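Got some structures for you, see below.
In what follows, chain A forms one complex with chain B and a second complex with chain C.
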Partner chain A sequence: MTAPAQPGHPHPSLDDPRIMLDGQIGQYEQVPPYPPRTEREAEFYTLGDGEMFLNMGPQHPSTHGVLRVVLKINGERVVDLDPVLGYLHRGVEKLCENSDYHHIISQIDPLEYVSSLFMEWAPVMAFEQLMDVQVPRRAEYIRVLTGELLRIASHALFQGWMALDLGGLTPILYSFIERDEIVEMLAAVTGQRMLFNYFRIGGVNGDLNHEFMSRLGDWMSRAAVQHEANIGLLNENEIFVRRMRDIGRVDRDTALRMGVTGPNIRAAGIPFDVRRAHPYSVYPELEFNVPVRGSNGSGDSLDRYLLRLDEVRESIRIIDQCLHNMPDGPVMARLPRLLRPRPGRAWAAVESPRGLFGTYVISDGTDQPFRFRIHDPSFVNLQLVGMLMKDNLIADTMAVMASLDPVMGGIDK
Partner chain B sequence: MTAISRSLGNVTTAGRIVIPLLLLILVVGPLVTVFLATVIGPWVSGVVYSNLGIVRFVVAITAILLFSIPAAFIIIYMELKVIAYMNLRVGPNRVLPAGAAHSVIAGLKVLTKEDFSPSSADKTIFTWAPVMVFLTAVMTFMVIPFGPGLVGAPLNIGLLYLFAVGGMTVVGLLLAGWSSFNKYSLLGGLRSAAQVVSYEIPLTLSVVGLILLAGTLSIDSIARQQAGWFWDWFVFRQPLGALIFFIAGVAEANRTPFDLTEADSEIVAGFATEYSGMRFGFLFFAEYVNVFIMSALIVTMFFGAWNAPVDLNAVLGYFHLAPFWVYLDPGQLGLGLLLVLAAVPLLATLALAAPVYMLRDNMPAWKALLIGFVLFNALLIGALGLVAYIDWDWVAGLVWFMLKAFTFVFVFVWMRGTFPRVRIDQLMGFAWKWLLPAALLNLFVTAFAIVILKSAGVH
Partner chain C sequence: MDRTLKARLEARLADRLTGPVRQRHDQTEIRIRPADLIDVMRVLHDDPQFEFIILADLAGVDTGDTMQAVYHLWSNKTPDWLRVIAEGLSRDDPRVPSLTGLWPGAEWMEREAYDMLGIVFEGNRDLRRIYMPPDYKSFPLRKDFYLPDDSARGPGGGVRHVEEPYAPLAATERSIRRTVKP
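And then the complex of A and B:
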């Protein structure tokens, strides 16, 4: 194999195809094929007695996208692991810095493709702070309504993937029925099934239409019952519960130290929810609980799974209140075509299905942000993987990873 | 013979080939027939009769090999369709109505795919491992009685043979995993070794109680001891044994929830990761053949084998009825038989076509007649099947055996659609901490009960 030499790159990449193709058959080069650069690397890539490396990903059925994990295993037991990121890196932050403020909404949309409305919500809120825009109350209610719908869709998908990663074939298809209905509903009002591009600076793109409302009415009449039925598929399954219990335990201190947010921190016993801790939009007017589990110090995969199911119940309550309280009025504030906010900086965060999703924007007075930064919850939550997968079995890596519910689009940005 | 009346020069190319062949067949055919009947025939039949055992064995092997592939096709189709309906999907629906031939087409596809092997694989072992897996699966078919007398090799140590040969499957899986030069395959192969070896013990121990009760290792004889009503089946005398056998059987067949060897969300496809084409096909078929074998074994040993759940003779005797096939003697009809054979198809077709023709508007007569004819044929086949069922006990046995076996296949498929997968430590813990003590308990209780009953004079 004669790969072109790379001037200026003294250390070839781990993904260099020559690792596989050089040398005689059956002989291996050193992995990685360069002297270790850090102490950690030297420690990880030194095999002990009876250990071997197992490369999982970036193409693997259950690494939730293109996460790559190099496992050091001893039999079935994971001794150590090295997550490798960046296979989905698009440079979204830089893309956003070169787009005008309206354009950013569609640039940031595919970050977490499972719940993309939340990806629009945070930057839109930050820009509104910069420009002192007053969003109409009806638009705020529509944002909460669609957002909570999408939270249910995301958690439904989580439940299905969780079962699929543990070998259950059926629940994913039941989950997709729920998700598909919600996504179709949102498509009726936004025009898209996945990357909605719906929120606008100063409101939303269009008012709720008849098709959306009739579909929503149908769905709401059976949502709670259907949710409990889908829960029953798995929660009373002894195998499922035994696989999840006592796996990947996160205690309060660890969760706080690692900066975990979202369902993962609430399942560790800390009631932190951006909707309550730093209220935004019309959430202060709505009644809902912040479900907490793992207060007794368990904080395992089962808690994280059950907590998301609790959240779905709360989301259904919120949607119900939104429908009852929604005022009439415009859905867009009156704004100029070309937005040139005052120089300054703004931070806005929303509670996405995976945790605190925040954007930090610095404006220099032009129509493009000077700096644009994204705080993605999946990225922060994924830090737990190194801690939780160690000393577990190979099968448990799936239970742990699925219960953290990462989305690689957001992690690799 | 218009072709002959024309001159040969006018005949097409095909005709020039066919006409001499036709003459050849007309002349040589009778000669060969006479030769076969007078000279070769007696010799062949003499050889066959003097070696009937060998001939029977060869025929049985061929039949079993020919049976195993369609059985696998049916189970694969069941798996596709049943799980699809459980998932609220439609499943295969393209090839034939309801996609009935989907798995056959998939099998043909597997045959035509590129036979690929990794550059660093151990080629010899890599090639022969799937054959070994498949053959061991098929070899266990030899001792399973599909009906009274319908058994490939009626061994008197059938159960021993079964566990010995069934245990060899793991060698094939281990070889497949090792020779693939892939860490996922290696893990899958080692998992299957650990799993099958562990579950072999409760599987074997669970039937020891049954062997004590039956007093034989011959599967055929165990099947015959369960004749009569359904409460004569061994499952009611060995319920714990049946349960352990079923659970361990699921693990032996590497099925959900014990399908760790090919856990797709963990180790991609386990030992089958690097296989493609027909080599993968062999592994795939072997899995489903194993499912059928496990179902067949459960049925044979615990659920009355080929015996019907109802003792028909007892029921008829209760109502003072002789079995009614005594009256059915077509030889007595004489000339009437000929008349029946000539007239009944015609009359029945007309009779069945008439309501179709009258009930539907715009129904052309030919279509009504066609429908009548098809209906008549369906009824006739049903009637012939019924006669065969009544007259030949092996037909009845085969029907009941297949019904029961496929019921258990359905349970296997059902479990696949329902359960998640267990973890390797839970799997091993379950085998050694629960199944093995339970199997031993079952054995001791059975032995104790037999001793007590014998000393009390009950047999």
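And then the complex of A and C:
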């Protein structure tokens, strides 16, 4: 059953079933079936000698969600590629502009579903700036504690995914053991395993409870040992290392110009970490290092992988300090239920496991933000694949993409 | 708030600024004309007293009367975020120069602002829709685009929802209820 014809409309959607019915399969010159819209698209969809298109996704298991990549290949080599986004687009920004300030926290939770506390953190900080709210210190410590726990869970999952994309099945099983411990722990305090909806404007929803603390103590007693054991699973594996080394190299200048943030820029030799570059919350009081790799100019997939493992060690250090330094006191500031901040603008950014996650909010004095802009790090980081994949093998495409650690929920918003 | 940054910006960019340099919390804000955008960004990026090397964000804004392109920058030389607002774009034909010459990574953010708000970034060589399908005609984040469940403009009020696909942009209905001071 085809969609009804749209009179006078020259550009059918790529999802339109008529494309498959009208075109003859095998005539790749007809992809895309409309005149090219830009110079770049015209260049990409012109085939050279011996080249063909290969469509990867959006249902490919290793695209980390619903990413579609059109590869232009010559034999086994990737000549060029064109990522096609939007299969998971939900219009979160528009939804947030039509929600009140408290509601937004739950609206943007599902953006990056493996690290959703960071998605709550940035807007909450921006709203607190708009309303000049002072957050109790205990609440700030709880935010850092839960955030760093989730960073470990996210990086553990990354390690498993990375191996899975290279064909190794075992590490992801161990990753999920690690991650499950943490999400169960957070579920004890927030009530949810993935979409926590825990941070509030002016604090957090509920203090730490006994179950959380006993689980955390249990986990902390062996976290460092467990982490070293998980490292031993892969880092000594020759096949794994040789498929990662010298592939997908990013140098310093490229990383800066491409707007890359997070572990990906630190693996290119630039120590840019929002927790140190623009300190927020109680991070200035905590001791931790910003791991950097690739200073010698390598900046390859292996560096990006190893750097995330280094970060887990630092996160364990931060959690340890949080537990020792956490003050007593309230976890919420006193605020009215209905928030109507004065007209103004605010920008807040946090360091999520994938990089700089920021929100820009414009208030017009009503209970809903006038403009709510979400800056997602995976969206910007994913731009690198086009550059990194040129002249590499098809089999390495997914390895390089996995080393950038994108999450499609955040990219497509 | 970094008072010295304000003084440095006023001294270096005096003739380019269209309004006072504003500061609040950890943000410093300057306003410029879209035509000056490339020059100002080059100064901010290259001048050793600024060195704003990281483009943290690019956002399009529809204030209801005009459009803006808003950039957030980070530098090692100041503890503040710098917000650069290229203001006064017309809603009928919003145009602003592309920053892809300076930060190639701005390409997708510009595509997103084009997709969502219809702002045309002149010089971006791949300015096509990034989220919405190629045959989509509306710009969803504009203030004259209402959600289908918007009670004041529901089907009961005789308003067709989601989009009016085949009408050219200039002919779409303009009924903006919310505006903000630019």
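We take it that the second predicted complex is superposed on the first by the 400 of 413 C-alpha atoms of A that agree within 3 Å, B and C clash if a C-alpha of one lies under 4 Å from a C-alpha of the other, contacts with A are read in each partner's own complex, and residues count from 1 in each chain.
The working rule: a residue touches a chain if its C-beta (ideal position, glycine included) is under 8 Å from a C-beta of that chain, and two chains touch if they have at least 3 such contacts.
The model shown is predicted, which means the values in this text are computed figures rather than measured ones.
**Student:** Overlaying on chain A: chain B and chain C, fit or clash?
**Tutor:** Once both complexes are aligned on chain A, chain B and chain C fit side by side.
**Student:** Check the residue A:109 against both partner chains and state whether it touches chain B (first), chain C (second), both, or neither.
**Tutor:** Neither chain B nor chain C is touched by A:109.
**Student:** In the overlaid three-chain picture, which partner chain does A:148 touch, first (chain B) or second (chain C), both, or neither?
**Tutor:** Once the two structures are laid over each other on A, A:148 reaches no partner at all.
**Student:** One more residue to check, A:76. First (chain B), second (chain C), both or neither?
**Tutor:** first
**Student:** In the superposed arrangement, does chain B or chain C reach more residues of chain A?
**Tutor:** With both complexes superposed on chain A, more residues of chain A are touched by C.
**Student:** Look at A:310 in the shared chain and tell me whether it touches chain B only, chain C only, both, or neither; answer first, second, both or neither.
**Tutor:** neither
**Student:** Could you say whether A:178 touches chain B, chain C, both of them, or neither, answering first, second, both or neither?
**Tutor:** neither
**Student:** Kindly classify A:358 by the partners it touches after superposition: chain B alone (first), chain C alone (second), both, or neither?
**Tutor:** second
**Student:** Once the shared chain is lined up, is A:140 touching chain B (first), chain C (second), both, or neither of them?
**Tutor:** A:140: touches no partner chain.
**Student:** Which value, in Å, gives the least CA distance between chain B and chain C in the superposed three-chain arrangement?
**Tutor:** 25
**Student:** Would you mind listing the overlap between the chain B footprint and the chain C footprint on chain A?
**Tutor:** In chain A, nothing is touched by chain B and also by chain C.
**Student:** List the residues on chain C that touch chain A in their complex, please.
**Tutor:** It is residues 24-27, 29, 53-57, 59, 61-62, 70, 72, 74, 76, 79, 81, 83, 102-109, 112, 116, 125-136, 140-141, 145, 147, 150, 165-166, 178-181 of chain C that touch chain A.
**Student:** Mind listing the chain A positions that touch chain C in their complex?
**Tutor:** It is residues 6, 8-9, 11-15, 32, 34, 37-41, 85-86, 89, 91, 93-95, 97-98, 129, 256-261, 272, 277-278, 343-347, 349, 356, 358, 360, 362, 364, 366, 370-371, 373, 375, 379-380, 382-383, 412-413 of chain A that touch chain C.
**Student:** In their complex, what parts of chain A are in touch with chain B?
**Tutor:** Those residues of chain A that touch chain B are 25-26, 52-55, 60-62, 76, 163-170, 173-174, 177, 234, 237, 239-240, 242-243, 393-398.
**Student:** Considering the complex alone, what residue numbers of chain B touch chain A?
**Tutor:** 83, 86-89, 119-120, 183-184, 187, 191, 256-257, 259-260, 263-268, 416-426
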